[in-house]
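Would you mind keeping the following structure in view while I ask a few things?
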Amino acid sequence: MDWSALTLSLELAAWTTAILIPVGVLIGRTLALRKFMARSLVEALIALPLVLPPTVLGFYLLVAFGGASPLGKIYEALVGRPLVFSFQGLLLASLIFNLPFAVQPVQRAFESLPVQIREAAWCCGMTPWRTFRYIELPLVWTGMLSAIVLTFAHTLGEFGVVLMVGGNIPGETQTIAIAIYDRVQALQEQQAALMSAILLGFSFVMIGFIYYLSDRTRRNHVR
Amino acid sequence: MDWSALTLSLELAAWTTAILIPVGVLIGRTLALRKFMARSLVEALIALPLVLPPTVLGFYLLVAFGGASPLGKIYEALVGRPLVFSFQGLLLASLIFNLPFAVQPVQRAFESLPVQIREAAWCCGMTPWRTFRYIELPLVWTGMLSAIVLTFAHTLGEFGVVLMVGGNIPGETQTIAIAIYDRVQALQEQQAALMSAILLGFSFVMIGFIYYLSDRTRRNHVR
Amino acid sequence: MYADRNSGLQVRLQQILPIPLDAQLHCDMGELLVLVGPSGSGKSTILRCIAGLADAATGLVRFEDFVWLDTESGVRLSPQKRSVGLVFQHYALFPHLSALENITVVLDGLARNRRRADARELLELVNLNGLENRRPDELSGGQQQRLALARSLARDPDVLLLDEPFSAVDQITRRKLQRELARMRHHLELPIILVTHDLDEACVLADRMCILHRGETLQSGAPYEVMSRPQTETVARLVGLSNLFKGKVLGHDSVRQITLLDWAGYTLQCGHHPEVQPGQTVNWVVPPENVILHRRHRPSRGERENPVNGVISDFVVLGGDASITMLVNGDPHKPLSFSLSTHVAHRNGLGTGEHIRISLLAKGIHMML
Amino acid sequence: MYADRNSGLQVRLQQILPIPLDAQLHCDMGELLVLVGPSGSGKSTILRCIAGLADAATGLVRFEDFVWLDTESGVRLSPQKRSVGLVFQHYALFPHLSALENITVVLDGLARNRRRADARELLELVNLNGLENRRPDELSGGQQQRLALARSLARDPDVLLLDEPFSAVDQITRRKLQRELARMRHHLELPIILVTHDLDEACVLADRMCILHRGETLQSGAPYEVMSRPQTETVARLVGLSNLFKGKVLGHDSVRQITLLDWAGYTLQCGHHPEVQPGQTVNWVVPPENVILHRRHRPSRGERENPVNGVISDFVVLGGDASITMLVNGDPHKPLSFSLSTHVAHRNGLGTGEHIRISLLAKGIHMML
Amino acid sequence: ASADVPIVAAATSLNPALNEVAELFRNRTGGAVRVSYGSSGNIARQIIHGAPFEVFLSADENLVLSLVDRSLTIDGGSVYAIGRLALFVPHGSSIQSDNELRDVKTAVSDGRLQRLAIANPQHAPYGRAARQLLEQVGVWDRIEDKLVLGESASQAAQFAVTGSVDAAIFSYSLTLSAVISQRGTVTLLPEQWHQPVRHRMVLLKGAGRTATAFFSFMQEPATRHILATYGFTGPGASR
């Protein structure tokens, strides 16, 4: 079992989720509450990363982030090392790829928030931030939960983009998904099966626990 | 441009969405409205297909559907041709793989349905079916919209599972995602870029149109 | 207590948790029963139990020969099978449907045209014509409430359950709706249970009134009966009676058919209440209309009965009536209220601080244990 | 009309769409203004405009020296910046928070302990002690309403806007809350605008009353003033006046300070209304307390004024009062209502179908254009 | 640390042979390398976009040569192995294996062969070779619509081991893995029926000392031996 790959995957998934959920909340909330002309277009745009095969998306991201690209150049100038084939590059790709999963559920949750409740908060003198923090966030929590689970799980399993942008460097950009893939490719079925089982079991317990906790908090709210 | 691959992809996406949305509504509704002990576990289980790298998942599905498996044998006995490397096999794999996208948003939408509204429907003598059809469904529509878009887009872009279970047979199981991948691998970058652009443009228009329509219907409801 | 009667709607509910209930109701065909009780006493909960939206631990709900709920024999019909029309306290309209659709969607089995015609008729009944195409969130509070009322009728229910159905509409519309309800009641001959906080409304509409307190049905009967002859102090308070005091029974005079009561230094002669024991402390109440002012220039009928002195502490003129509160013997714990024609009050020079003398009519004094 | 006054809350709102508005309100510090109008007349909309939740096409909202809204100069403060406490008609409680939290969450800037103490105090004020930890959906309708009231006070607002704040609570609690409100009003000295459908409540609470009809403020003034001297027929109807008729002006007698009116074959002497022209058709109203029954055995004061004959069509005894409707000359289109002590009614042998004679007191007759 | 431990990018097909070589390299020289496996096409593309690889062991000679053209390499590199094709017939298949594909031809005609797995000839070297072989035998036209294309030879092998195809043609090296040999019969196919699959490796620009050492180590007899046991025959006369 390749523990370093699992750790790396979990790290990537955790970072992706941690960064993407706020972004998703921001974008989802804006799409839900502001009415603007191009809304349908922006919504469609966000779904687009899903449409390309991951490896191909990864290829284009590689081009976009690579040393020859403006982004890559700027990053390298600032940080001193290339963006691609690094954890940071992986993370960036992962963020782009998972955007739809973070935005959609949160947007729906904001859409189903009754207007009056926000109005009530304002009329009670609550600042927009307080309203957001204490009224809106708890009420869109289940939407965020979906976003968290989808993003987390999808990052764990993501392979095409990661392989392309990260370059499958053991200990650095080789995630568990790629490690399993390598084993399958090498026809090492037992090792692959073992790693898959561990990954599945781990994720199952983890996601189940997240759901359980959120269920309990929701029930606890009742008390 | 490989139009037959695009057509095939669209067909696959359409079928997957068409079959999966009812399933998602059924499962999502059950998870949302029924309280049972193992709910968190079932919810976690549904997210699991996301966790495995697609190619690996595809490999296991190939094992599960293949001529040596009970499912494969039964299918072949009934239909007279193997399940794997066929459109049907592809569809089945796609259904399994997209399950979380179809269930999650719909489940959230059902969860945010006020109890009183369903109760009011019952007290008006509406049958469970009528309640579902005329009250619940329209009110969870945006959740279904998310489910539709995510499932549709994700099926278009899916590649690992499809390649494994489908076997890349032109005109039969070669989707646009695989076709683009092949071009990229064969270093036919211009062709790949063209196909990607067409796929992206097409999806953008299509998804944008879905959103636009749903926006308009929601507004029309107002009149 | 109604277990042997088999007509109309019979309800018996008992439970401890989550909300204590110990309720017994009966509502005949064509009868309008008003359920009155303080906020949180369980009125909505009882309606929900009848409709099948909540379950009592033990209980029976029967409409005519149909058993809707019988916890003993395990019968429990679904809400759909209980033909009730329920107006929810918070309306619970279908938010995605127009006013018209909110009703047509309920009218199953009819042809489309017929449905729309029926729905329009119902909307007209509640004065909502012209607003057919508005969604609930585009209606005012009162309009929403009326829509909820119209929808509850759409099913053509056997039993009508109305949870404060007029609380949000203005008095003119309210009167119209009350009239419609009265008309309908005689027309359709169905049991109607109505929850209200408006005792005037209760008195005007109710055939019978039932007082609920902490989930328990305390007393039911004709509104006037309940209001003037409450069985307990609690009921008296709940129906908003003023002039509620405690006194000590001195004894009975069975010849003159009176009971004597010691109160505030007076010996009051009251209607005969043989059930109270001499020496016992009882609650008693005297309705304002049985309080008679001793006028300055001409003696009134009944001035000899139970004369009581006091000082006016409150004198409010409201239109043709003056409402007066008098402190008996000047004691701020013994306020006694009554009202008079404004011109009588002025003629007698009444005003805050004036000393006056009144009589409590013996037959108006009601005692409770 | 209040444009020059700079104290309290001043509101001027005009628009055509989506909801027609033409409203002018003023509410002084410590004053309680009751907004009355039929369902759908725009009461909630006006409160929303004041609170900043809705915008009028043109208008001005000013509190003391602070301009909250001025469409001309483009000022438009956000709801947070307008220090209002608003009780929503549908409460709009925070569903995920307990009763206590619903209030503490609003109390920004205070220490945690202080917040909880303040919140508990507010809950006590509205009789919700003991229910601190319940979520809104575990509270009854009236409890929710009281929580909304408590929450609106938490902010310590400069202006209180109450949209039917007592519609769902029982009379005892309502009276308590009304008393609290009255106390608070004198204590806090803030303008309070209250929407209600209950005219009695309006009369009891209001310093001034404002009548709204189709978005237009028709008349405002002291409740008794508005109720007894409506400026138009519409206002008269809206405040629920009965005995509203049309008559023709015959002329004025400036010596006796009366105006003569032709109605139903009678020549009525009325208080002097120099503003009406002879020959003009006017609306007039006579409050029930200015209707005097000609008693059988002893003549009453004022019997010579405007005697009118009729037949009793409706005779309802409610407690000490009997409410009587008489058809003037037997004409079903001319019903005249008044009330009497029950015992007077009985002594005079009144009952449905009886022919009686009454007088309309001249000074009680009010004319409108 | 990465300066001391160069990353060797290698074709997937070298897994697990290369792991053993790296192990031996460490034992012999004390130098460590990290191996990043991938499809040769992907690796080449990554190198173009600046991947920090120092040695590239490709399954496809052309890809290396294209990198050489782009001056991304130190020199032209060298061929480290020649790949062969094998026919794999899973147990239970009605196809008889022989090294001239006679029964395959018959089976195509009589319909016994429904699915034949090969790597994608568009971009996988063993796919190209398989196509040449099938053309050589003269069944390409008839068999084209019965092909199941793997992304790589390895994926073609995966199709085969799951029993989903009637036969498969992929690299001989893969057939040596236990999974394959247990699940069917393997026949080595004649090498003259297709162009040799030349595996070329190259030192990339910026390669350090360890990488250079590893590059040389790849050409040592001990390494050749290991590769041979995994089915990669040495370049021998072909160079």
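Residue numbering begins at 1 within each chain, and the chains themselves are lettered A, B, C, D and E in the order written.
The rule is simple: a residue touches a chain if its C-beta (ideal position, glycine included) is under 8 Å from a C-beta of that chain, and two chains touch if they have at least 3 such contacts.
Here the structure is a predicted model, which means the values were calculated and not measured.
If you take chain A and chain B together, the chains in touch with both are E. The minimal number of chain-to-chain contact steps leading from chain C to chain E is 2. Identification of common neighbours of chain B and chain C yields an empty set. Chain centre most remote from that of chain D: E (centre = mean of CA atoms). Centre-to-centre spacing of chain B and chain E amounts to 36 Å, using the average Cα coordinate of each chain. With centres set at the average Cα position, the gap from chain D to chain E is 91 Å. Centres computed as Cα averages put chain A at a distance of 59 Å from chain C. Under the contact definition stated at the top, the residues of chain B that touch 2 or more other chains are 55, 59, 181, 184. Residue positions of chain D touching 2 or more other chains, listed in rising order: 90.
Looking at chain E, one finds that residues 42, 45, 155, 158 touch two or more other chains. Chains touching one another form the pairs A-B, A-D, A-E, B-C, B-E, C-D.
Contacts from chain E toward chain A in the complex involve residues 2, 7, 9, 12, 15-16, 34-38, 42, 45-46, 49-53, 152, 154-155, 157-158, 161, 174, 177, 179-180. Interface residues of chain B facing chain C in the complex, by the touch rule stated above, are 114, 116-117, 119-128, 130, 134-135, 138-139, 221-223.
If you check the complex, the residues on chain E that touch chain B are 39, 41-42, 45, 66, 92, 114-115, 117, 120, 122-124, 145, 147-151, 155, 158-159, 162-165. Across the interface of their complex, chain E is touched by residues 55, 59, 62-63, 66-68, 72, 82, 84-85, 163-164, 167-172, 174, 182, 184-189 of chain A.
For chain D in complex with chain A, the residues that touch the partner chain are 51-53, 78-80, 83-86, 88, 90, 92-97, 105-106, 108, 133, 135, 138, 151-152, 154-155, 157.
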